[in-house]
Amino acid sequence: MKNLIKDLMRSKAGLIGAILLLLIVFVAVFAPFLDLPDPTRGDLRARLAGPTWDGLFSPGAHPLGTDEVGRDILSRMIHGSRVTLLVATTAVVLGGIVGTALGIWAGYKGGLVDRVLMRLVDIQLAIPLMLLALLVVAALGPSLRNVVLVLALTSWIRYARIIRAQVLSLREREFVQSAHAIGASTMRIMFFHILPNVLTPALVVGTLELARIIIMDSALSFLGLGVQPPTPSWGRMLADGRVYISSAWWTVTFPGLAIVLTVLSVNLFGDWLRDYFDPKTRNKK
Amino acid sequence: LDITIAQTSAVNTLDPHASASVGLDLSVLSHIYPTLLLRAPDYSLQPSLATEWKAIDDLTWQFTLTPDATFANGEKLDAQTVAWNINRVTDADNPKRISSWFSQVESVNVISPTEFQIKTSSPYPALADQLSMFMLLPPEWAEANDPTSETISGFLYEISEYVPGDHITLKPNESYWGDESAKFDSVTFRVIPETASRIASLLAGEVDMINSVPASELARIDASDMASAGAVDSTRSVFIKFNTEKAPLDNKLFRQALNYAVDKDLIAEALFDGRANVSACQVMTPDYFGFNPDLTAYEYDPEKAKQLLEESGVDLSQPIEFELPSGQYLQGAEVTQAVAQMFEDVGVKTEIQSMEFGAYLDKYRKAHDLGRLSLLGQAWATIDADGLLTLFKPGNQYSYWNDATFDQHLIAGGSTTDQDSRLAAYKAATEVMCDEAPVVFLYAQPATYGVSSRVTYQPRGDDWMRAFDMMPAE
Amino acid sequence: MTQPNVLEAKNLMRSFGGGTGFFDRNKPVIHAINGVSFEIAEGETLGLVGESGSGKSTIGRAVLQLEKPDSGSVKFRGTELTTLSPPQLKPYRKHMQMIFQDPYSALNPRMKVGNFVAEPLVVHQVESGSALTDRVAELFQTVGLDPSFMSRYPHEFSGGQRQRINIARAIALNPAFIVADEPITALDVSIQAQIVNLFQDLQDQLGLAYLFIAHDLSMVRYLCSRVAVMLRGRIVELAPTEQIFADPRHPYTQSLLAAIPVPDPDRKHRPRIPFNVARNIPPRDAPMIEVSPGHYVLDQEIQ
Amino acid sequence: MLGFVLRRLGESLLAVWGVVTIVFFVTRILGDPAALLLPIGASAQDIDALRAQLGLDQPLMLQYVQFLVKAVQGDFGTSFQHGRDAMQVVLERLPATATLALTAIALGLVIGGIAGSIAALKRGKTIEFIVMTFALLGQATPVFWLGIMLILFFGVNLGWLPTGGYGTLSHLILPAFTLAVFVSASIARLLRSSMLEILQEDYIRTAKAKGLLRHTVFVWHVARNALIPVVTMTAILTGELLGGSVVTETVFSWPGIGRLIIQAIEAKDFPVIQAGITLIAVIFVLINFLVDLLYGVLDPRIRSAR
Amino acid sequence: MAPLLDIRNLTVEFDTPEGTVHAVNSLSYSVEAGETLGIVGESGSGKSVHILAMMGLLPMPPGRIVSGEAWFDGQNLMDMSDRELRAVRGGQIGMVFQDPMSSLNPVLTVGRQLREVLVRHTDLTGTKLRARMIELLEIVGIPHPEARLDQYPHEFSGGMRQRVMIAIGMACNPRLLVADEATTALDVTVQAQILDLVRQLKQDFGTTVLWITHDMGVVAELADTIQVMYGGRIMERGPVSPVFRTPHSAYTHGLLKSLPDEGARAQRRLYQINGSPPNMANPPKGDPFAPRNPYATERCLNEVPPLRDVGDVPGHKVAAWYDLPALLAQENEVAK
């Protein structure tokens, strides 16, 4: 842990990423305690008002402007960060658990299991997101939970593929044979020997996926299938504001910036994490 | 002059009988295929192939055609052709998509090459309006070719280029039979689905006409020297449909309370920049036959709403689902959210469920399982109360509302072609509907448009997008 | 040698490759081991030497049933192992262990070494709780490691220490027999001696039998009571150590022994005995003949 | 040779069959096209009649079997919306999609290749930070935001390029660039990390020890080995783009397959959905198959490991 | 005669998360033309690193050359530009690395990898080039060289791969051949063939050889001079025979003594050097071997001993504060 922090201090990009990320998470966590206008209620008369710094601290101020229903963009962005991060993190974790488990299983068992799983991945990749999303919505109805489900469904594949590749080389390692030699069961080997060794790559895929999923959320909203209004999420804000992009740039620019910043910080941090845990790119011991 | 018109989605089929989509397929095809009548921007019916038409009695219409009209391949455009076309659509073995337009048609009697009569099973006052949307194909050519992917001109323009999904370009039909000539050297229909891109193309001078512009963007377009923009009332009324088959929407006081709770003027003013007109407590706009000029909208009175809610005795603790077909109506999501907020102000909690339009229609038409509240915009192409109000008729699958008095008035209105008695019947019907409030009456959806300064345009509130309504700007 | 045999291998075969795939149509089948027989007595050390790629590691894995041989028999204290299913094998695994060539990749980098050493005890439910910890600490001491190292991760150890950890794990269940696959090749000279001494001590204390695979013939000579020489999947000569060093019969053995570098600058220019492997692949059906008591040589016409 | 190809093709066919089957049943869950195809006001009888006409009134399994039998012969039925052969409707859009996807991939490979190589070779230098930040921005920027910005700038303000549509080379530039930004960002990051790994390999040290010229080392030893993961990634991306990049197609009014399928899904035009997704699946599977073969060419170890 | 290679005061460090690793510490030595120098030593003692540093192949970062010169044939390699250095590498200085499995590029044919170096440093083309390639493979004892040229490394056995590496190293008849644990993974027969090969090379071309190994036997067979390293420093150095006979460094002494011989077998116990190698991130203050050295004095623990002449044999030097032969003699006395 100490090394981790020390190394982070030395990596410019990693440090920037970590600080930004911490900041974003901090804001998201403490959003309810901030004295912000209601993010789901607006004043129609003050619709699409531009950002203004006049009377910044007076109650009716909208420092980042208002959206198409007259809601405060700053407040929506801050509350949206909760939704966005929650959706993205749960989807990433869910997809991560399933994808990692299947990846380990396929990689370790090999043979038929592996081939079936990999073809399954092919199959899913050939089915468009929208169809997948519609299916989930048709089967389970529209809700935040199902948005998460759709996103997780698009995500497990990537874990499965990468983890599987990793496991293919891991299972040839001598410590796996050694576990065999002491009579450890397959389950034990997968759980105690393979899993801990793929957690890092899974973590790295996770950071990349987090970024991808935040963007996917906006694509889903673009297709009208994302988070339900009036709940704010960055993707939703971006999708809803896009018609006003040239007359009211602030409706999309701020949530867009939030996404870019988050994705950037997650990626910077993720890159560093990968470099840190990769014994090859990391300084040799 | 070459002009380009932007459409929001691509033409599906070139067969005018396989689509009822006025703003899309039919708009393009109406440049190529002749109709008996054309509807002008002011909704008056103008002669086209037919020079005269009249109702001889309650069940018989008579038409007179221009002599010597032909298709580009020389086929005659006569009464026989019209009869063949109507039969093609209503053919029991292979009905076409628009067959319901002619469900009341009993027979077509050809009297002479330029004269024929249509007999209907019940009075069909809107027949002429319906026929203004009905295009004619040359019978011999149609049997030998595939009209879904090929065309042959019988009107002002013919296709010179077709790139599926991207654009259709038309050029004047040299062999056109009429007197007037095409005003443009070419007319291109281009597909631009994304609103922001549509506006950008107009401002970049690439297209000459766009529609479906959010109201707040109109002023910006107007401000540029490339183009101007505006809006007129469309024939489509937007309202919040109640599923009165489910509690608490079966409660009249509750329904009225919701009508009082919504500040329609604010919505029209703020969301639509004042370009939308608040509905006069009915789902028809003034352009409809059967519009009731005596009705006025429910006032915005939250206090009264709260009082009515109290009287209604409805338990308000549970949120009510509020369905929103996404991307279907101009600024629909904004209106829904604004209304939901107003409902909440009087203590009615809602939960918005946005869904894809197809899924919504499935619930609406097939499963008959609409949510208790949903945003809906409806219009009737013939601009006649007879069509639009039928959608609320008891027993009709679209209704979700069961009112016997309303039913009686509608039956009365539909059983005659006498204008005055029809007007009286619809007046009574709309009064019932206003009071019973099966919907929250909102506004007439504005038909917004932007036009380049190279052309002038006569705006219209139905969905037609036609070069005929435009002129080169001098 | 009156000790009973702890292990008997008869006529083991194992081949690789020769698949049905697109690119390997003309890829030959590799007979990694091609009819190998030997036995090891309780408490004995059998050395296994030979050219690289001759199948030494494959034999090691095959006798431990880590890789099923294609045919042949492996008997552990009289029980046939090749026909047993994995669950049936489990009790036997208690008595047979392996030490791998590369001390780096043989340790799970994400497991505390204490847990790693404890794992066989856990798997076979021999010990648990504080008894387990005590036993692991004892094992650490046996192999000359400080028990306080138990909660560290492998990367914190040097190569020699890692090999000790592997050994601790291998002896945790008090096995009767250990396959040591080049256990010192990857180690530094000064550490090699430490590990070899440890092997000796363990044998003296626990009566272990070893199959000791190595390239370093002087170490084999020091450590083993008998030596088997392998060439292309076959044992070409098997004899008591001194016998083979004194009187190698197979030309390959002769060539091998002559090539051992001698750490004495005064004996630089020893004559080489050339041997062309490519032209002298040991035939599959040639029998072993006993040339003197316990000294077997492959009966092979050598050109 | 035949053995491998046949087995692999067999698996691919199975995958296509899986896709087709899933899509068939999924679309039927989604709803009733008859309700969508008829104008509002159509009666329940009209809807039922249309269902019968479209063959949707038959038992699902029967429909499925009929569909399969015809699909095998290349007949995916008549589009509900277009009234024409569904596969033909899809194939009409293929050139547009292919042009855009392949241009974007090519452009992305060039930009990403250069950026990734620079980043790997200049590790720790400021230039790496700059290049990688741009790559990250490329991945983090929502496509439609970038697309609309490009339209506004190059189409409206400068008037240099068309704001959308399909046809000439100038129509292609903006959408291809928009997609290429994403592609190149992915490629650059992948290439950087795989090159960094390769630069640590012993054989690179050998190459340097041979005194080879810098570009020989780079081209023949570093780049040649880094190609393998890039090929994998390129295949995935090409598959994704050929399957349609709905957002880009929408923003730039590009008449591609992605948008066609989305519209078909919205309209519940089953034959077009099925034809479109089958086509994508076939392309996808074909690309994967080719990539598998290509691996053998690129990496001799795989060739003999098979 | 001026030495062919003269390394002066070379110091190399690595920046690692654990701190600065002092891999090579003020290393100085020289090699005469035609000489064969065998370098042995603890793993991690800087054998590989100092060679890489000299050749400009050190990964930087994390590596860092703090100071030093490396004069090769009158030119300082450390001052050379990358371009000049590349002209020397592979041509005048041939190198062979340890790991035959990973030192060849897996996706290029063996022939291609051999050709590259010839094309770079010689004027051979066409059939002559090919003839030379075949000749080289023949020299290193690979049968059917024509066919083998078009094969990939994975189709070669470990021993054959290593022979290819050696062929590459000596392709341009280098003046200096540097082999870093070139035979560690091989069985002794193959190793012996390679050693013969190197001897042949020395004989034919007068090549100077720098041979790094763990195996004392190999050094004894091949080298003229032995250099023993520990903790990034030279512990002892001199002509092979005297060093083997009378080591002056306790570490050399320990290495030689821990080799198995008849006596050890009888005792069932090898002599072992206790303790473990120093952590170079935190090296001992004085003599790096002192903590494991039973003969260490107080001074050994605190002060780094310089390399001094032993006296009786020219060129035999040791870095030690103690006089090992004297101490051993004393021990013998006591034992008696």
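For reference, chains read A, B, C, D and E in written order, and residue numbers begin at 1 within each chain.
Throughout what follows, a contact is a pair of C-beta atoms (placed from the backbone, for glycine too) under 8 Å apart; a residue touches a chain by one contact, two chains touch by 3 or more.
Because the structure is predicted, anything quoted here is derived from the model rather than measured.
Comparing mean CA positions across the assembly, the chain most remote from subunit C is B. If you compare D-E with C-E, the chain pair joined by more contacting C-beta pairs is C-E. The centroid of the Cα atoms in subunit A and the matching centroid in subunit B are 43 Å apart.
Chain centres here are Cα means. That of subunit A falls 49 Å from that of subunit C.
Work out the mean CA point of subunit B and of subunit C, and you get 86 Å between them. If you average the CA atoms of subunit C and of subunit D, the two centres end up 52 Å from each other. Annotation for subunit D: residues touching 2 or more other chains are 30-31, 144, 148, 152, 200, 250, 265, 304. Shown for subunit E are the residues in touch with two or more other chains, namely 61. Considering their complex, residues 30-32, 34-44, 46-47, 49-50, 53, 81-84, 89, 92-93, 96, 144, 148, 151-152, 155-156, 159, 162-167, 250-253, 255-256, 259-260, 263, 265-268 of subunit D touch subunit B.
Interface of subunit A with subunit B (complex): residues 40-42, 44-45, 47-48, 68-70, 134, 137-138, 141-142, 223-225, 228-230, 240, 242-248.
Chain contact summary for the complex, subunit B toward subunit A: residues 195-196, 199-200, 214, 216-217, 220, 266-267, 270-271, 324, 326-327, 331, 333-334, 336-338, 340-341, 344, 351-356, 359. Those residues of subunit E that touch subunit C in the shared complex are 40, 42-43, 143, 157-159, 184-192, 195-196, 214-221, 240-241, 244, 254-256, 258-261, 264-265, 268-274, 276-277. Within the complex, the subunit B residues that touch subunit D are 9-10, 12-13, 15, 18, 20, 94-95, 97-100, 103, 146, 148-149, 163-167, 190-194, 196-197, 200-201, 203-206, 356-359, 361-362, 364-366, 378, 380-381, 387, 390-391, 397-398.
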